[in-house]
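Paired with chain B in one complex and with chain C in the other, chain A is shared by the two complexes that follow.
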Partner chain A sequence: MIPKFDYHAPTTIDEAVELLNTLEDARVFAGGTDLFVLMRDRLVRPKNLIDLKQISELQQISFDERNGLRIGAAVTFAEILRSEVVKDRFRVLWDAASVLADPVLRNRATIGGNICNASPAADSAPALLVLDAVVEVAGERPREIPIGEFFTGVKRTALKPGEFVRAVRIPTPPPGSKGRYYKWGRTRGEDLAIVGVAIQVNGEKDVRVALSSVYKTPIRIGAVEKIFKEGGPVEEKIKRAVEAVRSNISPITDVRGSKEYRVHMAGVLTERGLRELLEVK
Partner chain B sequence: MPEYSYVGKEVPRLDAVEKVTGAALYTADLKFQGLLYARLLKSPYAHAKIVRIDTSKAERLPGVHAVLTGEEIPYRFGIYMSDKYMLAYKKTRYVGEPVVAVAAESEELAEEAAELIEVEYEELPAVFDPREALKEGAPLVHEGLDEYLHAPFIFPKAGTNIANHFKLRKGDVEKGFKEADVIVENEFTQPMVQNVQMEPHVSIGQWHPNGRIDVWTSAQSPFAVRYLLSVGLGVPLHRITVRVPFLGGGFGGKAGLHWEPLVVLLSRKAGGRPVKLLMTREEEFNTAAVRQGMYARIKTGVKRDGRITAEEILYIWDSGAYADYAVNIARAAGYSCTGPYDVPNVKCDSLTVYTNHPYGTAYRGFGHVEFHWATERQMDLVAREIGMDPLEFRLKNAALPGKVTPTGEVLADDCGRVDQCLKAVAEELGWGKPREKRTENGKLQGIGIAALWKAPAMPSYTSSSAIVKLNEDGTVLLSLGLTEMGQGTETAFAQMVAQELKIPLEKVNVVRERNTDTAPYSWQTVASRGTFMDGNAVLRAVDDLKRKIKETASDLLGYPPESIAIADGYAFVAREPDKRVSLAQIATCGVLPDGRGVRGPLLGYGYYTAEGLTFLDPETGQGRPALMWTFGAQGAEVEVDPETGDLRILKVATALDLGKALNPLLVKGQIYGGVVQGLGTTVMEEFIFDEKGRLLNNNLTDYKIFRTQDIPDKFVPILIENPQRNAPYGARGIGEHPTIGIAAAVANAIYDATGVDFFDLPITRERLWKGLKGVKK
Partner chain C sequence: MSKHRISLKVNGRLHELEVEANKTLLRLLREDLGLTGTKCACERGDCGLCTVWLDGKPVKSCLVLAVEADGHEITTIEGLARDGKLTPVQQKFVEHGAVQCGFCTPGMIMVAEAFLRENPNPTEEEVKEALGGVLCRCTGYRQIIDAVLDAAKEMRKAST
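== the complex of A and B ==
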């Protein structure tokens, strides 16, 4: 059973900010798919819950070439999957949405929730990392946080008390760029990632790789980018990129998989992904 | 006249519409005036003395009506071994064992009250590995084993952790091993797993102030629940009514007795208000029953020509904290220990061992899924050792009619044919034909086969009965004691009744609720016994009804009963069909031309009792345990990605000699489901414990079961019909069998593909990758 709490449903950002800053022991939520599990397990027992789903701005996806993509924090992954522009122009994020949790949960789980839960296994995070996303933060002093600075530890973010995520903004990738997300679980069916690899290729010199479930936070591997900026045969670069990924991650061993297997699979998925996107056999 | 031929036809299940529309009500859906909700406080320790329990704060909470501790209910329950307390008594024996139960006006309140209870424990040394538990000086899980009541065919050893030691001795194994050219010995293991029924365990109990007890429960076997409640509580049977509404899956995990006594006892303490306990999914894993773990060691002696000369087999079952069901699983696996082969000299010891793990229970296959993992892997390993094809090796030693089982039973000529099953599966897999093992993209493909057998595992003296009632309009009601948990027996029996009475299927209704006050008795809905035993009872009930119909018709038509036939809603003189009365006319009584009534309401009753079974000799296991053997074979075609350990199951073929498919649609459904369930325990399902016996994956996030993407690309069910003379239309049970051979078939296929052997389950992606590491690609 979920412990008792008082429920608040503000309809504007300002109202939500005020509630969060005045109510005792309050937490915001959108889909609730992470929070309610924690509450059911009695790991957290907030007195007040602020539901962000009634704020219409947080439910919007918008796009224009100049400003890029803006996804409201309460947009569900099912909605992201229905967006043609995400599928056509931000494929790595669409991929991540398509393998996140399962179809039932995707009807409920939101992008804001996924990054704020800040699980190392968050599927949307590596995609946002390779896309240079920016997190718009609501609070008494609204601000923006580059996604690369957003995750600070296992289940920890750069958000301060009284703040919540308003939207995620993603610049438009250059024409001809490509991206995919490669997820590996324990089974062929839906599972949490034991390794997830997002790759965005904006031409042969701009290759970005970020991973989930292999570090205390989702992690973008800067060393890979250096390798591809330099000259040299692509076959060689792929080999070095795989090495760079394997040496820059430090996964844990747990019931889901061993460190050894995660390191191995991080390399395998990186190599397979790079070969696909760079069209190297 | 229509044919009314239903048996053998693909009739859709009768309860489909109710289930898919959500109209079907399950126990959890039921609400009653004054209903209270129970929650449990559970042990955080695998083995601990209960020093002190303070329930005072919980009792003072408004809305709490009963707080119960083990001290107040020191009753033991069980079907084969009365070793189980409803609440930990004096000490806890596994993490997750209920210690205190609360009944309150809402689940929230009950949970809040449970949190207010203080328990002081003194941790005791615990034992988790059943092989450790067998050693001298191991912590004892049950000190009072010698005081426990148990079935006469169970042999516990007081002062040890052995809850049952089943022994089988056939021929002379020493002599057999001397005759062998080659001896092969291997060890195999399987972890604990869980049945994972869609519907968790749920029971509602009410102990009325007048002493009557009402129970509504998600149980497979209402009569077993009633009987075991009666024995455990000392309440006579006529004061107890057990009802089973729709059931959301059982798979053995709802056989026997579960938490019914607890809700009844909570109700007594709450002054007679009804109390509902609905297990959470986490409690299903931590607290409710699981499938025991297994360790197997098999030593096989074989001649170069492929004849097996001897087998020495050790099965050790990790029954966890309580062994009520596991004791009989050790016995069932013990008497079938060799698998479907003719082995002249056999020595088998099958031991149920207590540990401080969650407690074991029945699970589809009843030990056979587990031990076939060992025996059917061993068959491949032995064949390889002597350089023989594994299919040929199996056929050479197959348990055909006329051969002798491990318990000394000579297989009858109508027992079914494992060789035909093996050959059918082999043909489906393209056995013996040249195949490309490596695909263009570097994947490795292989095929594997396994044979299987299983008889209903039950006492030698179980029975079933059925009632067929004729209604005033000529429609018919069929009452069963057997429950419907998804297996489809109700539909198959309705087909039989319609065909035998020559009426449309739509005119037969199966009474939905099982109520022990009104339903005919059936021992349990387990063991793949329903089709055979309750099916025979249904046929006899129909015969009884027909006899009575003919008597009434005879009185009215003035012809002897033997001359009367029944069809199309009429009883008529067979040679003069226009001399007839409708079934509607005679349902309540016959009416003579002058208005006088004759005979009375028509009801047919039939029973079937297992025939010719005996106790097994305590020292040698010789005797007759098997009502019927259902033989089968399964084959798998797999594709392995050596770089990742990914296993794709391309095809699973399952051949069962079921005698007669009463409803091929439902049989195929059983096969699809059974294969998927068996595959789950082959490649992903397992309990993972920490060193303190705490389950680390007590949820469906980390206890993986098959999802759509995991299932094989192709299922091939093959129904082989060699009828058994004493079975209804020749039909044997197949409910459990599609799960039994699959693990070994897959592992044998993995070896064929990769050259790597697996001895431990499950073969997860990571373990497959690790196993293949270092193997030349």
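== the complex of A and C ==
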């Protein structure tokens, strides 16, 4: 049983902001695929739940060349997978959506819920990190948070009380850039990552790597970018990038894998991905 | 706790009900509407046995509130057969012996039916991927996958 609460379903952003700021012990939710499990286990027991799914703006994906991609917080991963523009231009995010949980769960699980739940294993997070996403925040004072500043700890975000995520915005990557997400799990479907590696490449000088499940937050490895900006043979750069990834992460041991295994696989996936995207055999 | 008047269609029939906020769609179907074909197991999104369709899309009903289903259309395993005639997927499950204890069968079939409507000509890999969110403790996956592939063939034949 899910513990008792009062349910609210606002239809506008303003109404949702007001409810969140006036109701006692209130929380927003979208798909409920994280929240209801936590509530069932009595790990959280909010008195009021605010359902964001009746706010139509939060369900929309839009794209134009100049402003980039904007994904409403309550857009599901199933919808992201159906978007041709995400598949063509934001492939690393599409990849992440395609391996998040399982196809049935993806009909409910949302991108806003994924980043706000702020698990170190959140599959969309490394993709958003390498794509320089910006989080649009609704609240009494609307603001924006660069994704690099959004995750502050295990299950912690930079959101303040009374705020919620309205949308995620992603600038259009330059033509010719490529990205992929490599998820290593115990099974092919429906498991959190042992390690996830997102890579976005725009030529040999602009290479970005971010990972899930290897640190207290999803993490982008700045040292890799430095390595690729400098000159030198690509073979050498890949080697140094793998080292940089391994030395900048600090995974834990849990049921999914040991610390050592995670460090090892983080390097393996990074190398595999860099070779694929840079077309180095 | 808040109570809500909801109206929803289940297998084509309109229901008007009052539900408490914390009631899940799964419990509403099983306990209030007596539709026990939908199974209740983990109640945490892992097993997929509670899968029903919400407006034609499969969802795990243990993670959907009844109040969230207000105004929507639900289809359960009871709603698939027409006039006692099984769907091709159901029929093939029988023929392939894809049912052992049967506990996962409603979930498997609800996912497979929806999947084949979107992808009538799947590869074996795609079938495995589609069924990834439903667990069979009896582990009879081989027969289940064969049944779905065979049903796909049957459905393609029927539509040409």
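Here is the rule we use: the second predicted complex is superposed on the first by the 280 of 281 C-alpha atoms of A that agree within 3 Å, B and C clash if a C-alpha of one lies under 4 Å from a C-alpha of the other, contacts with A are read in each partner's own complex, and residues count from 1 in each chain.
Keep this in mind: contacts are C-beta pairs under 8 Å (C-beta built on N, C-alpha and C of every residue); 3 or more make two chains touch, one makes a residue touch a chain.
From a predicted model like this one, the values you see are computed outputs, not experimental measurements.
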{"item": "Contacts of A:Lys4 with chain B and chain C, given as first, second, both or neither", "value": "both"}
{"item": "Partner chain(s) touched by A:Phe63 [first = chain B, second = chain C, both, neither]", "value": "neither"}
{"item": "Which of chain B and chain C A:Glu190 touches, first, second, both or neither", "value": "both"}
{"item": "Partner chain(s) touched by A:Val268 [first = chain B, second = chain C, both, neither]", "value": "first"}
{"item": "First, second, both or neither for A:Asp51, with chain B first and chain C second", "value": "second"}
{"item": "Partner chain in contact with A:Ala78 - chain B first, chain C second, else both or neither", "value": "second"}
{"item": "Touched chain A residues, chain B compared with chain C", "value": "C"}
{"item": "First, second, both or neither for A:Arg108, with chain B first and chain C second", "value": "second"}
{"item": "First (chain B), second (chain C), both or neither touched by A:Ser258", "value": "first"}
{"item": "On chain A, the residue positions that both chain B and chain C contact, one per complex", "value": "1, 4, 102, 188-190"}
{"item": "In the complex, chain C residues that touch chain A", "value": "1-2, 4, 20-22, 24, 43-46, 48, 51, 54, 57-60, 62-65, 67-68, 111, 115, 128-130, 132-134"}
{"item": "Residue ranges of chain A touching chain C (in the complex, touch as defined)", "value": "1-9, 31-33, 36-37, 40-41, 49, 51, 53, 78, 101-105, 107-108, 188-190"}
{"item": "Partner chain B, residues of chain A touching it in the complex", "value": "1, 4, 102, 184, 186-192, 255-258, 261, 264-265, 268"}
{"item": "Interfacial residue positions of chain B with respect to chain A in the complex", "value": "107-108, 111, 643-646, 648, 683-684, 688, 696-697, 701-702, 704, 706-710, 764-766, 769-770"}
